[in-house]
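Given below, in the form of structure tokens, are the structures.
Next come two complexes built around chain A: one with chain B, the other with chain C.
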Partner chain A sequence: MSQKDARRLTFLLLLSPFLLWILLLVVIPHIDMFMLSVREKIEPRVYETGLGNYIEVFSEPVYVHTLFRTAVMSVAATALTLLLAFPVSYYIAKLARGRLKSALFLMCLLPFWVSELVRVFGWMILLRETGVISSFLQWAGLVSGPVEFLYNDAAVMVGLVYTSMLFMVVPLVSTLDSLDESLVEAGYDLGGGGFAVLREIVIPHAMPGIVAGCIIVFMLSLGNYLTPILLGGKSSLWFTGHIYSQFITRFNWEFGAAFGFILLATSSLLVWLALRLSGQTLASTIAKS
Partner chain B sequence: MGKKFGVLLGTLIVGLVLTSGVASAKTLRLITWGGYAPDAVIKLFKEETGIDVEVTVSNNEDIISKLRATGGAGFDLAQPSQDRITGPQFEFGIYKAIDYSQIDSSLFIAPLFDAAKKNTMLDGKSYGVAHIWGTYGMIADKSMAADIQDFTDLCNPKYAGKVSMRLKRPVLIGMAYAMGMDPFAAYGDKAKYQEIIEKSGAKLAECKSNVKAYWSGSDDLLNLIRSGEVVASGAWDSTGFKLNSENPNMNFVVPKSGALGWIDTFALPAKTKAEAEAYKWINFVMQPKIAAMITDASGSFGASKGSKELVSESLSKAFSAAFTEKDIANINWFPTIPPGLEDMEGKILDRIAAQ
Partner chain C sequence: MLMVRQPSRRLSKGWEYTTRMDYDLECQSIVKTFGVFRAVDQVSFQIERGSFFSILGPSGCGKTTLMRMIAGFYEPDSGDIHIKGRSVLSTPPNRRPVNMVFQHLALFPMMTVAENIAYGLRRRRASRSEIETRVADALHRIGLPDSGEKRIDQLSGGQKQRIAIARCMVLDPDVLLLDEPLGALDLKLREHMKVELKQLQHQLGTTFVYITHDQSEALVMSDRVAVMNDGKFEQVGTPQDLYFQPDTAFVAGFVGDSNKWRGRVLNRDATSLKLEADSGETLVGVPGGSAAADRGMAVDIFVRPESISLRRVTSSEPTSTPGDTVNHRAAVVESVLFNGAQSRALVKTRQGEDMAVALPQTGEYADLREGEEVTLAWSIEHCRCYPASSG
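Up next, the complex of A and B:
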């Protein structure tokens, strides 16, 4: 065996777990799902191929409304997460030193040592009408009766931001870490104010991290199931909730598969749009951060 | 070295084959509801027969979805409600017919046994053996909501923000009965049924402003009621009995239009690997003493003859406080769901949720 062949073999062997993973867990299930989604259920045991399931989703205002709502709230959650995570990341990357830096980073990581379900239940204990915050406000005499913080969109937003904070902080810290401080200094020397330096130097440098973080957070929020279902109120529908109920409660896999593909298309489209608008490519975001 | 390794490997393989062989022959994989297979009962069963029982806690929809995904494999015995057997069986073929000669029918309350047999019949074969029955109705805290008598009372503006429900099919049906309609009689007539659930759905939508939150699991509901955030709710009777044992003011309330009754059954998944063990388990848990243990754990009464007298005092007191003889005769039992109805109900429920 020549050296070239050996190298190729090594390459293939190293690549095979990844290929198998993609093929078996991503490509094949998606093909299967797609086949399912174009199978129309005429009556029990009678099926026809067609786009009927998709047409039905779009002809029912309830589902379109939920999709729109889910997308808008996910974008809002992403923006809010970025707003909160940016100063935190900047502090961790540029201002904190030594042990403080690792301690702060660890504190961002800490909530992720327990499962998402436990974190959400934690918020429920805090926010419910007979919960910690409401009781505290009554004790402090700030309100006269119990206040309900749970079961509304704000609670969902809090839960989503809390759940995805870490995924924004990590890429931001790693890009901000590589920012040369002399550039910031030069910016000030040339007469720029704090805001100008931020806009002209820090943000452009951190752009790949911002985009990477936003993509991750957006995808996580859009595909989240637990947080919106548990913290949301009686009208807080989330698109994944529809997918769950079609698959599990109604056994209508055909319809559920169509829901799944619509969600996939929506998130792909929005990510593509965001990349276009920010002038980034997927490759540059991944490579730099 | 090579030889030694080979011997070692050989022993390992033989050992694995032997143990796994023994394990699969002596394990019953049961998919059931919480409380239907208490640890104490599993221990007694193991002592008597040497069979291990592996329990997966589930619900109707989940049982059907899991069995559908595997074509009826993965479990040896399942416990769906009787009305949810023939539909999925017709569509997906996930069950195996029951061999009634393997079951000691003298252990059962005859009308329940026969009803389950009749209601799970498809093409001349029956698929379900009655196990536990219960009802859907309401829970109310008497000290704060004494005048709750039917599902429509949950919409009383007096209780705005203080009631809860579970937004699933029983609520549509219960509300329809409370409004004076008879949805079960319309099961065979899709157009009429659509009309009925649309009316009941409209009432539920109007009532939504009264609802604090829709509950999804009984733990949710227990939290809402125990904390006093909710004073009345649509609920399963077992949850009501449980609350009654903690606080005598709270109990299950039988709606005036009748509670909605279900019977959970034993059904064999199509690819069961431990049929003999499954029949052993059925005959074991239907003994009055064992059935009473299960009733105590789940809060629901069973189809086992003579077990009712053996359950704990607090539970039988809660039961007799909630149900009179007339209430029991007045129960609207869920008939077998014809395929297709659930899709119709689903759309209406989605609309209420989205409002």
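Up next, the complex of A and C:
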């Protein structure tokens, strides 16, 4: 066996776990899901191939409304996370030094040492009617009776932003870290104010990180199940809730699969749109951040 | 080459000039400490309008720190900075009428060349048509008329250099600060840019403050040079002053080459000093700086290779002695370093000291060989001594 063949074999062997993972856990289930989603149930045990499931989803206003609402809320959560994470990341990357820097970074990571369920319960303890905030307000005499902070869109938003912070901070810190301080100084030296330097120098430099962070956070929010359901309550109308109920409650896998594919298509479409609008490519975003 | 004079901000802002109109930049006893370390220590100087001023010093002596205080990025612990007679200490960097060419240029990689040059003009809310004409003009003057749409990483080192200067010059600053701008260029380009920068400054009439650790850059380009060491200015003067009348041992050693001895003063009379080197032999010289040299004082003695006259020892020719040339050595040539006009011979004297001697350019010594016996002579005034520095 020549050396070249040996090298190729090594390469294939090293690659095979990854290929297996992609094939078994991503490609095959998706093909199967797709087959399911285009299978229409005509009568018990009689099926026909067609787009009937999809048509049914889109002809039901509550599903369309939920999809729209989920997308808008996810975009809003992404924007809010970016707004909050940018100053934090800038501080960590450019202003903090030495030990403070790693301590701050660790603090962003800390919430992820407990499971998402525990994190969401934490928020519920704070926000519920008999929770910490409500009791405090009553104790301080600011409100007369208990206040319910849970089960509304704001609570869902808080939960989504909290869960997503880290995934925005990490790519932002890594791009901002590579920003040469003298560029910022040159920006000031040539007459720019703080806002001009931010807009013309810092943000264009951080763009790959911003886009990468936004994609991750958007996908996470759109596909999140626990946070919207627990913090938003039964009426939260999150698209993943429908998928869950079709598969688990109603055993209507064909319909659930169609839901899944609609969600996948929506997120792909929105990410593609965002990339087009920001003038970035997926490749440059991943390479730089 | 570069730049139109447009109605500049100093006119539009209507500043009142109270004093010292003829100085563009004046620093008064500036001090900057980092913790307990004094990076800049009681530095004072004035720069005349339209002149080329260099700050020359070894790495780490505080040059960049001083410049960053002038640009406004550091605040001095004490002292004052005046630009055109007006204190700028309370003015933030983006409002100071100075611009800086950074040590590593700091061109904006996210913008094209034209956008880089237009950046400052856009900050001043110049009209689009004005920006366009001035950018085109600037590109034309630096000889890169077609490069406006290029990205920064498509430029060569020398081109980047010129863009960085053009980016500042379109703003027509009162003072342009340059922090070792030629450091990253190769030798040939550096020689070229030296001449070009000097011409540029001459044409624009803008005051340049130029930082370098390369003495030839400072000597060639500047009207005046400040030699900086350990945060202090050792001497400020014309390049000729620094070369021919250095004030301190540091300047004598740093500017130009020198043969150096450590020694002490044996005796002094009205015009000269009798000196004894640590190696035991005697020399006659003059005090270099303003400091008085007393008997017994430890001194550093400097003689430039080019002020030593060299003579072959031949049986026919008696070694004659011109009037004041009282320092003599008999020596043997150890090696000849040929370098065109800067050729020199390394010799070892009878007493065992190593010295460098410049070879005269008459061609008479073109065939000087290793092992030949020579005599060296240098006059009293070319043998300067300074109170010994601790280093």
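Just so it is clear, the second predicted complex is superposed on the first by the 287 of 289 C-alpha atoms of A that agree within 3 Å, B and C clash if a C-alpha of one lies under 4 Å from a C-alpha of the other, contacts with A are read in each partner's own complex, and residues count from 1 in each chain.
Keep this in mind: a contact is a pair of C-beta atoms (placed from the backbone, for glycine too) under 8 Å apart; a residue touches a chain by one contact, two chains touch by 3 or more.
Computed from a prediction, not measured in an experiment: that's the story for all the values here.
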item: Superposition on chain A - do chain B and chain C clash or fit; value: fit
item: Partner contacting more residues of chain A (chain B vs chain C); value: B
item: Partner chain(s) touched by A:G192 [first = chain B, second = chain C, both, neither]; value: second
item: Touching partner for A:S182 - first (chain B), second (chain C), both, neither; value: second
item: First, second, both or neither for A:H205, with chain B first and chain C second; value: second
item: Partner chain(s) touched by A:E129 [first = chain B, second = chain C, both, neither]; value: first
item: Contacts of A:G233 with chain B and chain C, given as first, second, both or neither; value: first
item: First, second, both or neither for A:T66, with chain B first and chain C second; value: first
item: Which superposed partner A:F251 touches (first chain B, second chain C, both, neither); value: first
item: Overlay on chain A, chain C to chain B nearest C-alpha distance, Å; value: 47
item: Common ground on chain A, meaning residues reached by chain C in one complex and by chain B in the other; value: none
item: Residues of chain C touching chain A in the complex; value: 71-73, 92-95, 99-100, 102-104, 106-111, 119-120, 123-124, 167-168, 171
item: Residues of chain A that touch chain C when the two form their complex; value: 180, 182-183, 185-193, 196, 200-201, 204-205
item: Contacting residues of chain B [partner chain A, same complex]; value: 61-62, 64-65, 68, 87-88, 90-92, 168, 208, 211-214, 216, 227-229, 339-340, 342-343, 346-347, 350-351, 353-355
item: Complex contacts: residues of chain A adjacent to chain B; value: 43-45, 60, 62-63, 65-66, 128-130, 148, 150-151, 229, 233-235, 237, 242, 245-252
